[in-house]
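Remarks on the structure that follows.
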Amino acid sequence: MDRTATLTKKETSGHESQLGLDTKADRLTDHVKTGVVSQAKGSAYIEQSNTKVVCSVFDPREIPRKSGYSVNGELYCEFKFAPFSCIQWRSHQPDAFEKECSLILRRSLEPAVCRHEFPNFQVDVYALVLENDGSALAAAITCAALALADASVPMYDLVVAATLGVHGDKKFMDPTVEEESLCNILPPDGRSRNHGIITAAFSPAHQQMSEFAQSGAMDIDCATSSIQLLREACESIYLLSQQCLLKGVTKMLKKKQKEIKLDLSSDRIAC
Amino acid sequence: MATCYKSIHPVKYYRDFLAKGVRPDGRDMQKFRPVSINVDSIKTAEGSAIVKIGNTVVVCGIKAELAAPKAEEPNFGYLVPNVELPPLCSPRFCPGPPSDLAQVSSNFIAETLTSSGCVDLKDLCIAPEHLAWVLHCDLICLDHDGSLWDACVIALVAALRTVKLPHVSYDVEAETTVVSPEKRNKLQVHNTPVATTFAIFDDEILLTDPTNEEESLSSGVMTIVVQGGQLCSVHKPGGSPLTESQLQECINGAMKRAEYINKLVNMTLESLGT
Amino acid sequence: MAEILLSEAEKTFILHGVEEGFRCDGRMRLDYRPMEVETDVVSHASGSARLRLANTDILVGVKTEIDTPYPERPREGKIEFFVDCSANATPAFEGRGGEELGTEISNSLATAYQSSQTFDLTALCILPGQQCWKLYIDILILECGGNLFDAVSLAVKAALHNTRVPKVKGACLDGGTVDLQLSDDPYDCCRLDVSDAPCLVTLCKIGDHCVVDPTAEEETCSSGSVVIAITEKSLVTSVFKTGVGSFHPQTLIDILKVGQTIGLSVNKALRAALLEEEQQGRKKECFGFLK
């Protein structure tokens, strides 16, 4: 039950005094790596503070249970929390929240993938959250985009995502699990009625927002001002994603260079 | 050119290598792949371990829950092991219900746990007939490149050794439970089983610690579980028959490996400071 | 949504029309199609409503049951949405075809109603920690003519307005089990407060402009839509995007602002209609499914 408020009214006031006014991206992405799963065509691993997500992408395959021809390819996305990733043990069956996240993941990635390049085929994207310390969906979107790029799936741009939590007049960029549950309940003192979580996916090169998912309840001004904050956060994550891809490509080129050198100097295998 | 030859005649490709006494990845027949273990990295789990054997990666997370003990065993808690082979670890697994291999692996792990007696279920009981610990041991494979069961057993044992359970007191008359998360007791792990997988290639050649490719090309696979210098179980699901000497050779190999793995796990846990 | 096959020429026709501000059925970009709502159509449900939005036909039934509250929220009741895309609507929904769409709609409703400001779940509590009311909201899609999200949310709001929760007269605690006595009088019940319930507004982006209440043909022409849930007090409770397109942040801001104004007027109109229906009282003509 990720959306439910787990803090009682007494605890929230205590929590509010501890959490400061975080309006900027205080927690930066710690660790991003591509090519972590050898059996997958493309894969990526991301660690944002304590949230750990691994994602792998496989070669296009036939769309199961489909008879007609479709001009555009399809993306099949699956988002799953590992049973031990959250505070409460999660069952192996995907529940409603995970199914919704799979939908959001697909909607964020679809605009960026050149689907006309693989007509009538489907590309599988699987994201698994190993440890959830908040903003798991945003981390999964960023990770999935990198995995798609690592798998050489043609794309228009990399997609990056960020989460913003709103509680009263405080905004938390990239909230932790506790901050997320705080943002799901109304501020107790009645000063402001804004609370909620916004996850947004952005393609900075084309300046396009590919997904904007908001929950909770807030004024329209709060929602529109958050768009600017999320955009800025996405731009900073974008640089990291680009660097990571660059590292991956340089490593692969060096490996290919070494292989070519070896081929020329080695003997042929006896047939 | 080598890659073309490999995709057209994979078995012959391997035979040519093995004729020279070496495997395509450079190892000889009895050599194991490097193992790396990382423990206690997942803070949401009570105990966790990540094990990498070559390219194979398995993550084990242990979550503890309180529940009433089973009616037929009122003085024991219980372990719920489960092996998950998600589609992300290999292209041969599809999304949906657990595959045959996942179910067989879960069974294997459950049997290994009971037959090796690595955790005494009495330790998990808090109040007989009323309250006991249930440990959900979830093993997720992130990358399947052969020797899955080896990695699973190492991950499970390492994770169990890092589990710290909070102190629980149960009042039988009032039926109230008090959990103190600050006071934590380490779980007692009495025995540490180690599994080793062997592949039989062409009915004759024994390969230790096969990769996924080698497993699929070989004519038989066998896993031996060893613990405390004694043989715990041998799992040989069909495949080419083995002679007595070959089996003995495998058991010896498994014994030596067990020593090495146990040393490695001990070193990792010591560096954790536990 | 159901697949409508349109030729390129037809798509261009719709696109140009939207740019000029004219739509195929003569509406302006921000006009809704005529809507008809009727409540209390299903006699066995605690509340029900039927909404017709041109070709889209939605039937909602609300059932109340007694349940135990979640341990971490002992003073709150529960609410559960289930959307059934029946094969009546289109053949594409046959078997499990409509399941994905149904899950999407029920998830979006659950997100929209999640905040305590939209629907006060504490009103559903009977005995804190032990008994509470659980509302099962079942939505049946009888006909699919575009703009499902809006129609479903309006029908749900109307059905909740119509719901009558029986009053609890007494409770006796018998060593752990609770025995509740409900009032025998079928008219002795409490109504739910839906003044803050949200309505979903779909804004479909066709070309450079956005269009409200798209028909099925218009949906096929668009690259993406934004669905925004607005309450009467102009609170945004849920925003999400459907379709395969992406938006420039400024476009998104403009869409949200437009959505807010539309949402407020839709909420007002529904409220007025429901009040009018209630004022008719017993003399109200029951049309049911005849009209």
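Lettered A, B and C in written order, each chain numbered from 1.
One rule holds in what follows: a residue touches a chain if its C-beta (ideal position, glycine included) is under 8 Å from a C-beta of that chain, and two chains touch if they have at least 3 such contacts.
Which chain is which protein? Per UniProt: A = Exoribonuclease phosphorolytic domain-containing protein; B = Ribosomal RNA-processing protein 43; C = Ribosomal RNA-processing protein 42.
Everything numeric in this text was worked out from a predicted model, so none of it was measured.
Farthest from chain B, judged by the mean position of CA atoms in each chain, is C. Chain nearest the geometric middle of the protein is A, using mean C-alpha positions.
Taking the mean of the C-alpha atoms as each chain's centre, chain A and chain B sit 30 Å apart.
In terms of their C-alpha centroids, the spacing between chain B and chain C amounts to 49 Å.
Shared interface positions of chain A, defined as residues touching 2 or more other chains, are absent. Across the complex, chain A is touched by residues 70, 72-73, 103-104, 106-107, 110-111, 114-118, 224, 226, 231, 234-249, 252-253, 256-257, 260 of chain C. Taken together, the chain B residues at the contact with chain A in this complex read 1-2, 5, 13, 16, 41-45, 48, 55, 57, 59, 61-63, 65, 82, 84, 86-91, 95, 98, 136, 138, 140, 142-145, 212. Interface residues of chain A facing chain C in the complex, by the touch rule stated above, are 1, 3-6, 96, 99-100, 103-104, 107, 110-112, 115, 184-186, 193, 195-196, 198, 202-203, 206-220, 222-224, 227-228, 231. Per the touch definition, chain A reaches chain B in the complex via residues 36-40, 43, 50, 52, 54-56, 58-59, 78, 80, 82-87, 89, 92, 124, 126-128, 130-133, 263, 268-271.
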